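These notes open a run of structures that come right after.
After this come two complexes, each holding chain A, first together with chain B and then together with chain C.
What follows is the complex of A and B.
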């Protein structure tokens, strides 16, 4: 949006003769007036300068191998040696070194599961749950081990990227059905249910996520017997999912409200039962109407997973901090953060592109 | 064929303080075609929606095919499976193909197998002359075609009564007749029909009886000829005059 000039301005200033070709295009978009021309040249110089500096730092002057780490000085370019040396710590956290292949496989299993569940072919009430039970099952078996000669690794030692992906997908997979439930309850024709769920949603939304996660990690075990409290990671994921659901429920509710009454009425008149009206008619349209906000909510959630550091989980961000925190590579924090940013970028950008693809697909009517 | 399909007695409906239906008494025989007309806001839609329980009423009796339409949801379910309805705005499901629009309600309402439902759907779409659009989405076909799909969708459930609420009011003029024609076929095939419409030619051709509503009451009732050529009530005269001009 930001890089396009207002059409009206260009329209008003454009010369009356319309020519085509790249020169005309350049002229129309960048040199229509003298101040357009000045800004265009200024920005072109700025962009070239920044790109050149970036290239110099990231590639040309960069030091890649650990053998050459003595060359890493303030004057030199990026010191990617830190990634070679600390990459595994960043990606796997405190997971035992010899078992990290398991974490890699678990990570792949989750990525494959996420990718498959993004395909409309898997959107059914049999396939989606089956897929996620399998995905989480493989993940936990691999990460935890304790069978067939695989040493036991408890969830306190899980870390890095696979923990981030596990938390994110756990939150969305538990949170999304909860959100649907909350949204439907809030629209219930029984005032008691509608009011109490509305109240609950508003309370959750007005609490800081951190407070909620702290309560789940620290307070819940004090209140519940051990058998019910489950492990800390589970509790944190569930609390996070409730937080996600409170926000997502409002998005879904808005989506439901945007559907014309006639849709539900037609389904009623056709004798379709309540559950079918909700699942077949209302929810697909509600999700379709709110796809951009839903993707947005997922992106925010992905980024927010790093908050679990504070209650002692070494997800990828915390592992990155650990990689520079011990002094040896303390000067290379920029490189480590760039690497972390790239990891986040791959997933978040992937999510956004997926959202755009879905929207396009739905606009064509093929659901 | 003299059994009552619909019996309405002393029906009253309030929207808050607003008295939308006042002491309606109405009977519809099996196989009869009844046309309801009247000025905007006179309660035509409200009346027709009370018949399949889309609208809850305040007092009175609504009996459809021997079943009491009321609060009992099980009875309402049974009524809705036997009474089809077509709306002014078609209300096709936009996220499903034409075929799926017709298949899904059969599966969900009647528990039919998908294969049988597809056969039935294709048969009804063919009867409505829209079978070639089965794979399209509703927004890819014209209004007249959409309304015929909506009719096919309702007929797939083999209803004994069809309700129409201004089925051609949202259509471009050139598409009105293609929809009225299929409704006319249905009337000739002895379907029990209650149709809200202002299409006088249609009413004359197929209606056994016309009722005229104003301000929540039935003000006049008779054959199409009586109502359209020799109206008695002043409101009827004004109204007939208005739709003639």
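What follows is the complex of A and C.
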């Protein structure tokens, strides 16, 4: 055994350099070369500077209470006093002050309805419509009142966040089934139906939303008798829903076209009736394939609801503008817009995260 | 007044609606309002400085809103019988034609197209809207001519831009123009020192000055760029309603001229100093019934909102944050352009 032992040790190699730990990580990602280092330092300084200025403005120098209103100058930080003073106007619009608890409850009812309908447990042809009828029913009863001692509040006085949510959910809930209908009709084997729906979709898409809403609010009552014209808010929601449906129909059509023909043909060969083919085979796949664009469309629609201000509805954005449109708070527009942006962010971000969760649940992009 | 946002669309819509207006005319609008027991008046889609604002409790305030209240009181006896319908600038004429509102009280300038082609009818002006220039005080200008070569900031695409161009061209003054989309941007630019002067509607300039970091650094120059007489608007053919509007405005002015205020109206009614005032306040009957409303309409209006001067002071004048000088909107004997009609 001893013979096999070498007389001398082979020159020992240096131990490997440890490439782990925070220092090494920093070095690898930020200071690998001299220009990496320069940029890293530069951007670090910039980020700290911006964050510090932001913190200074939003928190440290900010004026929070209305009694300190006079300290709100352009040199001072954010004047959040405007939110304390005008916050209820932003959130409730023209809704009568003493009745605003009803608007709060109605708002919660819609949020709960939206949240519940996001749960897969509610996705059936019986539960989903029942849920939305209940949700809208509670909303309208609370907002409108006129029974059990609740004073009547007409829809002209509805406003703020609850109106924004009402318009958004109304548009999506009415628009989505319409979109499915449009998409199926456009792919119909009867040329008359396919052509005319294709034409209709193209017409709606080539009209500006503003013109469509304006016509619904102003022109329709001139052309129809009072009984048929209905209330202004309803007309506007329906017109908006048709607009939404025209876009969403094309998204769904794309989803339908992505399904191989063989599937539909196999179903026909098995003798499945048309609606069963559509509901059980085509639509689930079409929705799954187009989920990212559908969420996209929902997000766009949420933001577009602010356009109803042009026909005199005080949704949350118009209420925000009303809040700064007076001599006292006219200069605090940045604070009010930041507040509005936060409101929009909460809802839109929630919507996108929900979309991401759905995608993961369906394991989209993994097969 | 300003902002011709989708103005073309509005005009087209109104033209389209012209025919259907007739159907609502079986009964005069005044009777309809009395039967309905509420007056539908214009608000704004947001707030319009000093004229139609929403307070923290969501209630409407402002110069135009006070006139809506005055009309509701004149016709129906109480300022609470008023429903303010929020409408945008573009929406106001179609809203009137379609019956969404009974009257437009929305700083609406009396122009020929509106009076004729759009089928509208104007009351006598209740407000004379002046366009002014506000300059930095440090420039020491006493008139617009002193600002030759300066930078003027204006709102893009509004009447103001045209009015300023016209004025400067007619006087041969060279200037540089900077246009901004929103009122907020315009203000920021002024406060940041990018403009030597800004041109605009009087109330807007006042508000801009009041809100400046240093209000004393700016002054509104006396030169008037242009005048826009603002009237209350009804549909063509609603003569009864228009009469009521004209005489209500006149009553407010006459009250100010004769020193009748919200506070002393009861006292004066109990002991009218002159036969005219006795008629005005309904002590001697006649003035209201001729219009188809109550004889004490003027008394009710003054009791509810005060005289013209009080309304002005409370909403846009010295009693408000805007401190807009009375200027041309004063009575004829105070150097203004306003006067009451003759009550016989």
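We adopt the following convention: the second predicted complex is superposed on the first by the 333 of 367 C-alpha atoms of A that agree within 3 Å, B and C clash if a C-alpha of one lies under 4 Å from a C-alpha of the other, contacts with A are read in each partner's own complex, and residues count from 1 in each chain.
By our rule, a residue touches a chain if its C-beta (ideal position, glycine included) is under 8 Å from a C-beta of that chain, and two chains touch if they have at least 3 such contacts.
Just so you know, these numbers come straight off a predicted model, no measurement behind them.
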Which superposed partner A:67 touches (first chain B, second chain C, both, neither): neither
Which of chain B and chain C A:272 touches, first, second, both or neither: first
Contacts of A:263 with chain B and chain C, given as first, second, both or neither: first
First (chain B), second (chain C), both or neither touched by A:288: first
Per-residue touch tally on chain A - higher for chain B or for chain C: C
Chain B versus chain C as contact partner of A:202, first or second or both or neither: neither
Chain A - residues contacting chain B, complex: 260, 262-263, 265-273, 276, 280-281, 284-285, 288, 362, 365-367
Residue numbers on chain A that touch chain C, as the complex places them: 73-75, 85-86, 88-89, 92-97, 156, 159, 210-211, 214, 217-219, 221-223, 232, 309-314, 318-319, 321-328, 330-331, 333
Interface residues, chain B side, partner chain A - complex: 52, 54, 77, 80-81, 83-85, 87, 89, 91-96, 104-105, 108-110, 137, 139-140, 150, 153-154, 157
For the chain C and chain A complex, residues of the former touching the latter: 5-6, 9, 13, 16-17, 20, 43-50, 53-59, 83, 85-88, 90-91, 94-95, 97-100, 184, 187, 191, 207, 210-211, 213, 320-322
